[in-house]
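Written below as structure tokens is the structure these notes are about.
Naming follows writing order (A, B, C and D), and every chain is counted from residue 1.
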Amino acid sequence: MRIGVLTGGGDCPGLNAVIRAVVRKGIEVHGWEVLGFRNGWLGPLEGLAKPIGLDDVEDILARGGTILGSSRTNPYKEENGPARIKAVLAEHGVDALVAIGGEDTLGVARRLTDEGVNVVGVPKTIDNDLAATDYTFGFDTAVHIATEAIDRLRTTAESHHRALVVEVMGRHAGWIALHSGLAGGANVILVPEKPFDVRRVVELVQRRFERQYAPIIVVAEGAMPADGAEVLQTGEKDAFGHVRLGGVGTWLADEIAHRTGKESRAVVLGHVQRGGTPTAYDRVLATRFGLHAVDAVHEGDFGVMVALRGTDIVRVKLAEATAELKTVPLARYAEAEVFFG
Amino acid sequence: MRIGVLTGGGDCPGLNAVIRAVVRKGIEVHGWEVLGFRNGWLGPLEGLAKPIGLDDVEDILARGGTILGSSRTNPYKEENGPARIKAVLAEHGVDALVAIGGEDTLGVARRLTDEGVNVVGVPKTIDNDLAATDYTFGFDTAVHIATEAIDRLRTTAESHHRALVVEVMGRHAGWIALHSGLAGGANVILVPEKPFDVRRVVELVQRRFERQYAPIIVVAEGAMPADGAEVLQTGEKDAFGHVRLGGVGTWLADEIAHRTGKESRAVVLGHVQRGGTPTAYDRVLATRFGLHAVDAVHEGDFGVMVALRGTDIVRVKLAEATAELKTVPLARYAEAEVFFG
Amino acid sequence: MRIGVLTGGGDCPGLNAVIRAVVRKGIEVHGWEVLGFRNGWLGPLEGLAKPIGLDDVEDILARGGTILGSSRTNPYKEENGPARIKAVLAEHGVDALVAIGGEDTLGVARRLTDEGVNVVGVPKTIDNDLAATDYTFGFDTAVHIATEAIDRLRTTAESHHRALVVEVMGRHAGWIALHSGLAGGANVILVPEKPFDVRRVVELVQRRFERQYAPIIVVAEGAMPADGAEVLQTGEKDAFGHVRLGGVGTWLADEIAHRTGKESRAVVLGHVQRGGTPTAYDRVLATRFGLHAVDAVHEGDFGVMVALRGTDIVRVKLAEATAELKTVPLARYAEAEVFFG
Amino acid sequence: MRIGVLTGGGDCPGLNAVIRAVVRKGIEVHGWEVLGFRNGWLGPLEGLAKPIGLDDVEDILARGGTILGSSRTNPYKEENGPARIKAVLAEHGVDALVAIGGEDTLGVARRLTDEGVNVVGVPKTIDNDLAATDYTFGFDTAVHIATEAIDRLRTTAESHHRALVVEVMGRHAGWIALHSGLAGGANVILVPEKPFDVRRVVELVQRRFERQYAPIIVVAEGAMPADGAEVLQTGEKDAFGHVRLGGVGTWLADEIAHRTGKESRAVVLGHVQRGGTPTAYDRVLATRFGLHAVDAVHEGDFGVMVALRGTDIVRVKLAEATAELKTVPLARYAEAEVFFG
């Protein structure tokens, strides 16, 4: 038996750990051959593949990135994409695919399944915003990095008597902001799930200053003011065609400065959150995902995605898995408000 | 209303995060007074208490240890212990207690509950061996530290062409060994749940050397050879009255050296695993435990312990909570064997 | 004898280590009393002082910030500033001052020395741009943090096929850019000492992409294009009154995107570089500075600053010490060019 | 022109950074070919060599170990060793060698130089005990790791009311103990340069306990009691043929326990100190060493070793360089005593 493996979408610590687990279990337990496809769906589309052996995965567990490369190629946007993929898989004698990726990558996996391709999905979203799984790998690493940054910023904020606004990832879900904000002891946390009242933020900031401390505000990049003020997001182009660094974070730092008369600065953590070596937590989760994906392949259980439920790895239908976004429940957010101000 | 809080047992990263959460929510949400009892159950036994305010917990979230001190004092081994505790609580006007600790501390909490004291427990075991909860705080930090060590040891093992045996915590349960071994890419993992055949370990070590790599063996301090060989444990006294450093780890390193003719060394991580700043994961978990303990107090739901189930914090009866040890299921251990050799 | 100690200027990891060393040696070796003045020169100006004992410095070695607080107050800009300081020192019976700070703080120290105040200076500049000393504490920590960030960004740049421009501190000297760029394996490093030709940068970026890698460009915030293009700096206000996040870094990322057609993003590390726990290197250096400052006080050698030369701590006249900026020599910069592209 | 490069002796973070710098500068600046010899002097002895190109060193800067492998082979102990080396170098057309290693490796380099082989040395000693250079790479990493461990142990010592003895590397010189002890705020530091009086250590430990803190004692593995008590060292075999884990550290922990009646434990950091990713400081130093070694080769200046003096890289004759051990001066040690107790 021969299986293929590919990684799609953006960088996420833990991808190599999944690949390693798939290769180890595929070869050592089942005696399969494992073919690595390059650059996401581009690989099976254009036949970019080569065998991966035990030595290839010997030293990759702790390394960021993906040894297979990645892309955002969608075969359903390419001429005869699905047909070409099936032809390539047939040509290479690939019996099943393990596709590691986010919403887009798994969406393709789901559609290919419907067309008879044997696919098992492994979910990857650094934002942790997938309803079907308790956690996804990469998230813990992002939270770890953001928390380390907040730890460091605290003394700087105090020394400079400044408000510091830390903008973290999270366009549609505030999990990174919530967890790193809780872990870093943020004095305000803002998430996309709950539009914020800038006056309330300013009150909390002022209360903090009055208590003789400097405030740290953690804001998800997708958080938005409730009054509908237009805020450019990080990565968007402004009126001059410049890629914007700092969206709601810089906007809020300005507002705080104007409304309090105190100095206020934004820190935008950006890409630092999604690269490099994964935490132990993410390595274990990614490894278990890889092992269980191989189990699904072995049992011929295709069209599914592995997922974490409690301490168990389970399988869910790809169709259900990609249907729903997991956002921060307002009750979870309310819990964190205890620490505001 | 006035509540008391105490921490018992050994060091565990996250204790201060629990205390902070209890104080913040108690004061900010409920307007309670919070009394900190010193040194575990010794505090309520001898009336060692003082109020904790918001400023006292301002800067403790990221700090190891416990601002309340700890001890292993068991009031049921002291004359009139329980009665004295009740008297002290009455004298200080304490309506309820939040007790943070392990098996012993929570066992006392359970018995005091039966005698009418209002207690809510927060579980603390760095070994993660409590059946009632998916995870306990401190565990992720221990795994993180052990994994960092294994990462570093890998290049040393290779450069010196040596087998390295890393002894980690875990007297009765192998969770730290399993997780750090998986995360660090260990070539053999040994846990108390499954007595090991030293010949099998040696085979794996030799296979590893034959593949031109150096083996890293992660062994829980409570792992034992299947043939019943007597192995002194770390911390026990040897025939000369010396406290032993390195039990099964040093024993195994010797065995490997003798049986393979290769150099072999033990590294005993020891106390490093249980101190210092908690990981972001542990800070969030500890914080949530503290918040939910306050909820239980607020609702008058005593004799319970907070616990993690999936992503939810739930409550379990103290009586059930402390009844069962959570060991590594053999199926979980078998998964890891894919990476051996 | 009674001495005072104060910290002025911006946050810099290691300040508390200096304070601790001064207190320990002052009390334990010489039996002095040590008075801590709050908030830089504001302390002796307004008599904000209290005794510091051994217990106060017990736990501060590893902590960022300064237990004394800081400010940018310049007594020479206050009415009768110097006279008021002398009066406060006399009133509190302070025989000598240890002043820890940067150019401004030490400039005041120098002028007060001329007026008969007994001052010993301890240099503090995170930018390492003081000619009189080989290194200053805080610099190694900043380089460490920037290097960790670059390590993480590398896999992200590769996975996203993007150029990443990392803007680090260094308005007048490029030491942090040079060292973190070398340590992180940057593909281009730009420093204030050498205006850069943007076409040359683009060539190197393109060469890098042609080699199938993604380029990382490390740029000091004070680096400037050679053609005199106007670039707003981080922290300056733009035409709309908004505080700018990202100066030359965002500008350059835009230029690279426009000129290469490749995606390009800026990451601005900002305040993260100057806060939090110091590296071991900085703790040792700061500690030794503190110890030697006490020696100078003990010997009555005032108007001097401690400095590192090789592995020795020496003293230099404050007048000379603050005269000259230490910039990156072009030969040192040229060395690094070996790694460009 | 063609040069060879090799690495000898034990693991030391920074080896790959030297190799990378040699390869980059050799190829990019001088257009040389670079040949990597495997496993120290075994490589040129047995002709184990292959070309190293830019791609081979692309990703190694941050990685521990050495891509060339290492060994302790001494060609002067092999039959016709030096002659065989000369023959291999001639056969491969190697004009000059860059030899990276410690005392033994550089001793061979010196003797080969006398026999007409063109060698430039790069010093490598994690113990920092080479008189000819201010610092060697690997040392800062070792100190960093030991300091992190001490930071963590502090809260554990306090929580458990125990004395903790931390045994660090340093058989002949106490640099790692001194620096990590200073950086970690150790309460006693013991070095090989000054035999210690165990009663004095016990006094300091007791003083510490009386101050209501728990003592941390950092001891170099080569430190010895002044009364001549025999202490087995880590790595030596005991009477039963077992490799000893913990020498003076475990011995001292026992002594403290017996003499104070307090609990006392040893932690032996061991191999963790010498592997894994180097600190930024070590990466920069190792890189500069590599660059300057190439300069020496380019200028035909053989029989020398690169060394750090202040902030400059200089060259010293191999003959002088390896002559003298750099131990901790007693005055430096005395400075640290301020923090004892």
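Methods note: contacts are C-beta pairs under 8 Å (C-beta built on N, C-alpha and C of every residue); 3 or more make two chains touch, one makes a residue touch a chain.
By chain, UniProt protein names: A, B, C, D = Pyrophosphate--fructose 6-phosphate 1-phosphotransferase.
Worth saying up front: this structure is predicted, and the values here are computed from it rather than measured.
Counting steps between touching chains, the shortest path from chain A to chain D takes 2. Compared on C-beta pairs in contact, B-D and C-D come out with B-D as the pair having more. Spacing of chain C relative to chain D, judged by their CA centroids, is 29 angstrom.
Measuring from the averaged C-alpha position of chain B to that of chain D gives a distance of 34 Å.
Among all residues of chain A, those that touch two or more other chains are 151. Put simply, chain B touches chain A in their complex at residues 21, 24-25, 28-29, 54-55, 58, 61-62, 134-135, 140, 143-144, 146-147, 151, 179-180, 182-185, 211, 213, 279-281, 283-284, 287-288, 291, 309-311, 335, 338-339.
Residues 10-11, 63-66, 69-70, 145, 149, 151-160, 164, 235, 241-243, 245-246, 249-250, 253-254, 257, 264-268, 270-272, 274-277 of chain C are the ones that touch chain A when the two sit in their complex.
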